[in-house]
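Have a look at this one.
Lettered A, B, C, D, E and F in written order, each chain numbered from 1.
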Amino acid sequence: MVEQNLLLMLVLTPFVSAALAATLPIGARNAEAWLAGLTMIVSLVILGVLYPAVTGGENITGTVYWVSSIGLDLTFRIDGFSWLFMVLVAGIGFLVILYARYYMSPDDPAPRLYSSLLAFCGAMSGLLLSGNIIMLVVFWELTSIVSFLLIGYWFQRQDARDGARMSLIVTASGGLCLMVAMILLGQIAGSYDLDAVLAAGAKITGHRLYPVVLILFVLGAFTKSAQFPFHFWLPNAMAAPTPVSAYLHSATMVKAGVFVLLRFHPALGGTDLWFQIVTGIGLTTLLLGAVVALFRHDLKGLLAYSTISHLGLITALAGIGTPFALVAAVFHIVNHAVFKASLFMAAGIIDHETGTRDMRRLSGLARAMPVTAALAIIASGAMAGVPLLNGFLSKEMFFEATYVWNNGGSLDSFAPIVAVVAGAFSAAYSLRFIVTVFFGPPATDLPQEPHEPPLLMRLPVAILVAICLAVGMFPQQVLGTWLQTASLAVVGPDLPRFSLKIWHGINAPLVMSMIAMGLGALIYLLPRRLIDSGEDGTRLLRRLDFARGFDWLLQSLTIRLPRLALRVLSTAGLQAQLRVQVLLALAGAWFVLRRLDWNVPMPQIGASELVFALLWLVGGTCAVGAAWQAKYHRFAALVLMGGAGLVTCATFVWLSAPDLAVTQLLVEIATTALLLLGLRWLPKRDQEIPGDQSFVSRSRRARDLLIAVACGTGMTALALAVLLTAPGASVGDWFLRNAYVEGGGTNVVNVILVDFRAFDTFGEITVLATVGLTVYALLRRFRPAPESVERPRPQLDAEEQALEAYLFVPSVLMQWLFAPIIALAAYLFFRGHDLPGGGFAAGVTLAIGLLLQYVAANVRWVEARIVVLPVRWMAAGLTIAAAVGAGSWIFGYPFLSAHARYLDLPLIGQVPFSTAMLFDFGVFALVLGAIVLMLIAIAHQSLRVAPRARPAEPKEETA
Amino acid sequence: MNDGAMPDHLMIAPILIPLVAGALMLFYSDRNRQTKLIMGLVAVGLTFLASIELMADVKSATEQGGTVVGLYRLGDWPVPIGIVLVLDRLSAMMVMLTALLAAPSLIYAAAGWQGKGQHYHSMFQFLLAGVNGSFLTGDLFNLFVFFEVMLAASYGLMLHGSGPQRIKAGLHYLAVNLAASLLFLIGVALVYGTTGTLNMADIGRALYWLDDAERLLFHAAATFLGLAFLIKAAAWPLGFWLPPTYGAAAPPAAAIMAIMTKVGVYVILRLSLLVLGPDAGLSAGFGASVLMIGGVLTMGFGMIGVLGTPELVRKGGYLAIISSGTVLAAVGFAQAGGGSSMLGGALYYMIGSTAAIAAFFLIAEPVSRDDRGDDDDTPAEADGFDPLSERWAPMGLGTVEDTTAPASQRTVSWLTMAICFGLVAAMLAGLPPMPGFIGKLAILRGAVQDNLPAGGHLPVILWAYAAMLILSGLGALIALMRFGIRRFWAEEGPTPRILALEVVPVVMLLGMIGLQTLRSDALLGYTNATAGALLEPGVYRNAVLADAQDVRAAPVQNLAPDPVADDQNANGPNAAAEGAQ
Amino acid sequence: MSRLVPHPVLSAVLVLMWLFLTAFTPGHLVLGTLIALGAGWTVEHLHPPRPVFRRWRAIPKLMVIVALDILRSNISVARVLVLGPDHPKYHSGFVQLTLRMRDPNAIAVLAIILTGTPGTAWIEFDQEEGRLLLHVLDLRSDDDWQSLIHDRYEALLLEIFE
Amino acid sequence: MELILALAIGVLVGSGVWLLMRPRSYQVIVGLCLLAYGVNLFIFAMGRLYVGAAPIMPKGGFVDPTAYADPLPQALVLTAIVISFATTALFLVLMIASRGATGTDHVDGKERQS
Amino acid sequence: MTAEILRFALGYAQIALILALALACWRMLLGPRAQDRVLGLDTMYSIAMLLFLVIGMGNGNVFFFEGALVIAVLGFVTTVIAAKFLMRGEVIE
Amino acid sequence: MRHLEQLPPWAAIIVALFVVVGATLTLLGGVGLVRLKSFYQRLHAPTLGYSYGTLLIVLASMLMFSLTEGRAVVHELMIGVFIMITTPITMLMLGRAALRRDRDRKLGHDEDVPPRHHAVPPEDDPQGDA
């Protein structure tokens, strides 16, 4: 139990510290460093406590349940391999933090750095300890994100931003691939549990999806571990502060890729495909990295490519996959972490003390900073694989693995040669580092006078170099048991006994080593001048700039191509959008209905059919006429549209829909009024639109005409198809039978509207209210077309009279007519429940009556006399409707339950009363308010835009 | 739920509360914006409380093993005569999500947007009423009405503040939606013409008794309806209206409108599984392939848009399109028999992504203030430079020094916005541990789990979906990172002033997302159960049609001389309703 | 009276209209009265020129004359239309005449009469000088129209109003 | 009758669709109105056609539903009429606002570049 | 017999009114002037109203009365508005 | 059409006659609308339908329904009354609008119209046609 909790703490503590670190003041460097350092020490202590159990072969697991339903639980497990890796993370982490305390400038915001470093430590711990393969991906992606933040730490610098972005894109994409691979793995293995997956190796490699899984998996691993061809992000990540480079980009994070390669070897490895891909890529990377490293002038660039090369080495070992190779891989992970971290720190010290990392400028530093020089030289020796240093041992093992390895492929015979050549280059760049930086004449043009750094800054390097030496000289004593435990966890029980020795006698690896060293010296020393002063890399290598290629690819794939595709696949034009809609509807309907049996019987033609046909001859002519005139003769189109509407009304009358006829008529009038009100702000078109008769325009119209004809035909067919089938039993039948008895009205349509489906009406009036408000709001900020700002021409003509003279007789009549119109509205309202009419019709009627008064006079005149507060009416209407609906709650019925009864009134007798009528009154009030609001809001524009030279009359606000 | 006893009036609360609040606000002059704001917040709070209670009802009903559906018969008319509200897991969830998005949007509006035009608060409440009505109604035509309420309010909110950009975008938005509404109407009419009913559950029932011709016509109706909803859901190639519209809208309006595409998705989800779901006989799975392919194409289009459009707010629109496509495709798979866990994951994803998109719109505007709006990585291109040569020489002389510039002075609100932007971007890109990641994982896992036979292959379309799921996230990541780096890292100088009232809602939404992350299991359990229930439409139908009225019923005095109806009653709809399951 | 029932004639007509439209029952009488009062009250706000009826008895006489005139005009215009507008017997044109009436309501009634009569169309009226422009379909002589209108309608209208 | 009404719907929808795809906002609004007519008639037609059988019932007594027009589509059309009126009004206002703001009556707010 | 006469008369009236409607529509379609179109529409309204009445007489029910009444009371509004637009260039000043 | 048989012959004949004459008058109005040469002439044509066309049909309807329903059905009368009041308004306004437009030299005209009485000498309108 304690161990499980400790395991959880191992992951959790860094995150908690990170949160804490983020809240500290910006300049609290010491506090930050203490916090972070303590956290690392806590981790180390925990690891120490766990050690006995781990060596005992115990598999400690701890679980925090999170999303169990998709198998996503925070399960942590620790074994020898992850333990060893954790020691690296925490140990090097501690040294890096110590180093960073002195490296970072007081101006750098400390909380961001330390909290990020701590968060990274947590994420990395999670990754290493995860016992759930999906959680592994989660932490994997977290390390990418934190890495992004750390690379971009100095975000004012372009290279930091670009490097951060590149590394995130590459590693996060790889992580996504890894996620899919893990999901598939989990599905094949039947569990996301790491142990279960590792145990299901045979099942996995035998699955049909194995190649897919493998490719996705290695994509993840290779991007993270900077393997060819994804290696380019790592050198660009060197824009990060050096402690970050030392920690993430050499010792720990980049090792995550090889970590999973080794970890999942039991599940995925051992196949030919695995060998080909992993070893092939590993060797390529090994060689490429080593070659390029030689030609870098930037210290960190050299180290970055060296890291790439060494990661390739480990990858190649993982691909070889023999127990011995795996042990070598684990060993080299540790060794590389130690010497590379120290080298980065040394490079950082040099940069810190001299102000530059350019090897062309640095020279003879051994004199100015002898201790640092000594440390760096030893570490470089380890990097080169010099005997008695740790790098030598694992490199030796690598040579042996390539030499011994034999599975009959072409890669197999090629591998030792690649290994030696790469080893030679490795020796060469190490030598170059030592020779150019520390020897030769003292540099003269350095930005700063170099001297030794503070002791505590040098300390981490010294510790790491000491480890290099210790491991190099007493490997079995220093690292033997740890490596044994770790390898056991990777290889499994059939791990052969091995013993780390410095001297194996003269054997093939030693010979290879010697060749490499010698060759390496020659490679550097012969063309030394060329290399030292030449450009960054050879011409070929510059051509093969993967980063540039990647950037070009990214530009193409994520900017240029999408922009092009967006232009092709999308449209900003309304016409095209509507055309797409129409065409899809057409195509969909055709696709569905083409199998329908179109067996239309000959219609019988009688007198009434003839009349009806004539009626629609008129209606159709109007419709087509409106369509034809709408472009140049808006007024004519409007009038023609009115004709089509009228014929529609007549159709409703003919086909037994008196309510529809009434409503349609009223709405027709209101719509015409609206459109004419609007037409005033649409300047007249008296010139042909340029290009309107061009071939393109004509063919465009012809195409649309075709579509329109097809749509018309389609709708005809569709309507006919329904009309020719006999109706089945429908809800409508029930309404007919029950409207009077249950709904208390004879006009079934009205009963439906105010009772059976009153909720629809409720919604409908809300629509009206909202649109009214929108229209009003929009017109408050209306800016007319410049051509229509002036008063219309008829009013400007000098010879024209004032409005009053024009309308003298009509306005008298229209004013008198207001009274009968009010009565008509009342009539329509009260008749609604039994005969055609209702609240809506009444509301529109009254609104039209009011509109007429505006027409008969002018806005000021009317508003000086009648005060309509349309918004209040709307509010009242909605509130009444809602209150009536809610009233039924009092009696325990659902919303909008209607209640009807006869009231006995003196003198008058029985009077029918229904709550539906009250509801209808709400409808009436709202409709009146909304329509008046819209009409008048438009009408008011004339006042706002062109103030008249009329005696001002008291004007009252209408809303 | 509790038949016979007091009906559960709470079901109508999410519609009525905002509606009445919106109406009451109209009694006040629009100058009293603070009053209206408080009224609005109270209404949203009440709606939220109601939605909590409703969700508790739904959950307890499930736990008791009963039917998961609550019915509210408006006007006390039985199904299918009157309109009913239907509460199930899905609608309860959507209503709650709406309430959760409403509060931040409203607070954000108080930062100044409410005053840029007239009657913002009323229209906002009407929008909520429309959205909740769409989620709750069980009647197809009533759905149309509430769609219109929602759309009408959205026109108002979208145009709030006016100005040429909004007007231009608004004209398109309006025209496209009017055309879509007409399609909707044609579809509803055809449904009634063929089945004789408008109740969604009853339609599913009636579908069994259609003959061939009627069935084809019904499929035509489904096609029209589907198109209408796909337009609202902004599926490719029907969603070109969305990015300019949301881009032009005021941020709080765009934020609440983020739920609107989900209404389209919701209806497709509801209808395709209820009416054309796995148990729909000859019509089973109708349109599923369109949803699958369309969904994947939509995601692809959204990805292209996110990458290809320079303006941040428009990117938000494309992100909404990606989110829509993701869920649509999952619905298609579920409808085609792809299993429920994928759908459950998609629902989970929908919740998180909707909140994130809402947050995105709230962030996008303040963050883009005084932005040069140039997303191109090649600023020097115009001057004839090779943009790459300069960029990729970071290791050359003079740039290798670790010399640093002091961090520029940024305001706390700006910093918060930057962090929020990063979190929202991570969420939308599907990076762990955000709900976007968990949702996509759940979808992928469901896809693999339910569709990968041992040793077999996944269908190509599922591969495409999986690939799109990953790629769209990656596209979002790249696009948003590019913006974020440029805006928050690269640009020096004074940062725009951001009010606390603008930060708070964003933080609220992110808190929601954070809560979703922490309580993922509970939520995913809920959405999985929801998906399971959706794939068993029989339960829903039984619950809605339990006390269904026979449409041939007549009052006593009306019964006598109607022998025809008696004949038909023998094998009439009651038998049908029972046989339907 | 004038406060509560500002337009007694109008209101009475409205009540009548209401009863015509619905049914002659006490209930509708009450309802109709309420509506008529409300409508009258609203119209009062517009304060259109209030008519003053001097002689009610002339109204039926006017109505009969108008009905017959319209019938006659109907027949004559129908004949024009049947024979065709190109027939040499007919020619149309504008007629200008001056009215003595000034009461707007009276003029409105005259406008109704002339417009309702086929063959004459009220085109323009100058309020200040009482100048009226008519269009006549079947034009014989200017004087005919002047005297016709003066004697047949205007006299009677002056008798009723003013 | 059925054929004629179907043709009428076709003509209205055809004209409406044609206008809907036109570049001038006024054409679009006229198109939307015509489409609304067509669609309203279509909804109405879903209740099948009845001449002289308005759904206005006697007060009590036997009712033969086959003798009356289906009231439900009529109720739906009424709602649809109201909503399309509202949206037409909004479109109109947007149209004039767009004309003012953009200087053109092209639906895209700018003349086609060609 | 009486029914025959009435049926004939109503049938004739319907055809005559439809023809009148068509003629008015003809004027509306061809113009030539805007006022001609408005006049055509106005005439169509009144003819439609008569048609409603005749249809109602043919069907023997009075439910179309409201439609006719609405045209009678408010049908002129369209024309008035259109005429005012032609006269003044805007509907409400 | 059972109701048609309920009518007594005298009434049937009157109704038929009224309907036929009313419809014919309206049709003639339509013919005139097409045949007449100028707008002002055409303005007269529909008056046929507005006046006696409407009157006769309304009367026919009243008579018929009064007899079939067995009570006085008088509400149709209101239609006649309203037509009588509202038609002049449209005619007045249309005629006046036409006159205004015909006096506008830019628009041209199809019949010579009398000039405005106190016509101010026409000035050139510098504005383009609005």
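Everything that follows uses one rule, which is that contacts are C-beta pairs under 8 Å (C-beta built on N, C-alpha and C of every residue); 3 or more make two chains touch, one makes a residue touch a chain.
Listed by chain with UniProt protein names: A = Monovalent cation/H+ antiporter subunit A; B = Monovalent cation/H+ antiporter subunit D; C = Na+/H+ antiporter subunit E; D = Multisubunit potassium/proton antiporter, PhaC subunit; E = K+/H+ antiporter subunit F; F = Cation:proton antiporter.
A quick note: this is a predicted structure, and the numbers were derived from the prediction, not measured.
> Among the other chains, which touch chain A and chain D together?
Touches both chain A and chain D: B, E.
> What is the minimum number of touch steps required to go from chain B to chain D?
Each step joins two touching chains, and the minimum needed here is 1.
> Using the touch rule from the top, point out the two chains with the most contacting C-beta pairs.
Top-ranked chain pair by contacting C-beta pairs: A-B.
> Compare the CA centroid of chain B with every other chain's and tell me the farthest one.
Using the mean of the C-alpha atoms as each chain's centre, the farthest one from chain B is C.
> Closest chain to the protein CA centroid?
It is chain B that sits nearest the middle.
> Name the chain whose C-alpha centroid is farthest from the C-alpha centroid of chain E (K+/H+ antiporter subunit F).
It is A.
> In whole angstrom, what separates the CA-based centres of chain C (Na+/H+ antiporter subunit E) and chain D?
A distance of 39 Å separates the two centres.
> Could you please state the distance in Å, as a whole number, between where the Cα atoms of chain B are centred and where those of chain C (Na+/H+ antiporter subunit E) are centred?
The mean C-alpha positions of chain B and chain C (Na+/H+ antiporter subunit E) differ by 63 Å.
> So, what's the distance in Å between the C-alpha centres of chain E (K+/H+ antiporter subunit F) and chain C (Na+/H+ antiporter subunit E)?
Centre-to-centre distance between chain C (Na+/H+ antiporter subunit E) and chain E (K+/H+ antiporter subunit F): 22 Å.
> Centroid of chain B to centroid of chain E (K+/H+ antiporter subunit F), CA atoms only: how many Å?
So the centroids are 48 Å from each other.
> Any chance you could list the residues of chain F (Cation:proton antiporter) touching two or more other chains?
Those would be 29, 31, 43, 45, 50, 75, 78, 82, 85-89, 92-93, 96, 98, 100, 130.
> Hey, what residues on chain A touch two or more of the other chains?
In chain A, residues 572, 574, 578, 582, 608, 638, 654, 658, 683, 718, 722, 727, 730-733, 735, 737, 741, 757, 760, 764, 767, 771, 774, 778, 782, 788, 792-794, 806-807, 809-810, 813-814, 817, 820, 831, 835-836, 938 touch at least two other chains, as defined above.
> At least two other chains touched by the same residue of chain C (Na+/H+ antiporter subunit E): list those residues.
Each of 17, 21-22, 111-112, 122, 126 in chain C (Na+/H+ antiporter subunit E) touches at least two other chains.
> Identify every two-chain combination in which the chains touch.
Applying the touch rule to all chain pairs gives A-B, A-C, A-D, A-E, A-F, B-D, C-F, D-E, E-F.
> Note which residues of chain D are touching chain B in the complex, please.
Residue list for chain D touching chain B: 20, 25, 28, 32, 35-36, 39, 42-43, 45-47, 60-64, 72-73, 76, 79-80, 83-84, 86-87, 90-91, 94-95, 97-98, 101-102, 107-109.
> Residues of chain F (Cation:proton antiporter) touching chain A in their complex?
Going by the criterion above, the answer is residues 82, 85-86, 88-89, 92-93, 96, 100, 103-104, 116, 119-120, 122-123, 125, 127, 129-130.
> Please name which positions on chain C (Na+/H+ antiporter subunit E) make contact with chain F (Cation:proton antiporter) in the complex.
It is residues 17, 20-22, 70-71, 74, 77-78, 80-82, 84-86, 92, 94, 96, 111-112, 115-124, 126, 129, 131, 133, 135, 137 of chain C (Na+/H+ antiporter subunit E) that touch chain F (Cation:proton antiporter).
> Going by the contact rule at the top, pick out the chain A residues touching chain D in the complex.
Per the stated touch rule, the residues are 572-575, 578-579, 582, 600, 603, 608-609, 612-613, 616, 619-620, 623-624, 626-627, 630-631, 634, 637-638, 641, 644-645, 648, 651-652, 654-660, 663-664, 667, 670-671, 674-675, 678, 681-683, 685, 690-691, 696, 704-705, 707-709, 711-720, 722-724, 727, 730-733, 735-737, 739-741, 746-749, 752-753, 757, 760-761, 764-765, 767-768, 771-772, 774-775, 778-779, 782-786, 788, 834-836, 840, 927, 930, 934, 938.
> In the complex, go through chain E (K+/H+ antiporter subunit F) and note every residue touching chain D.
Chain E (K+/H+ antiporter subunit F) residues touching chain D: 58-61, 63.
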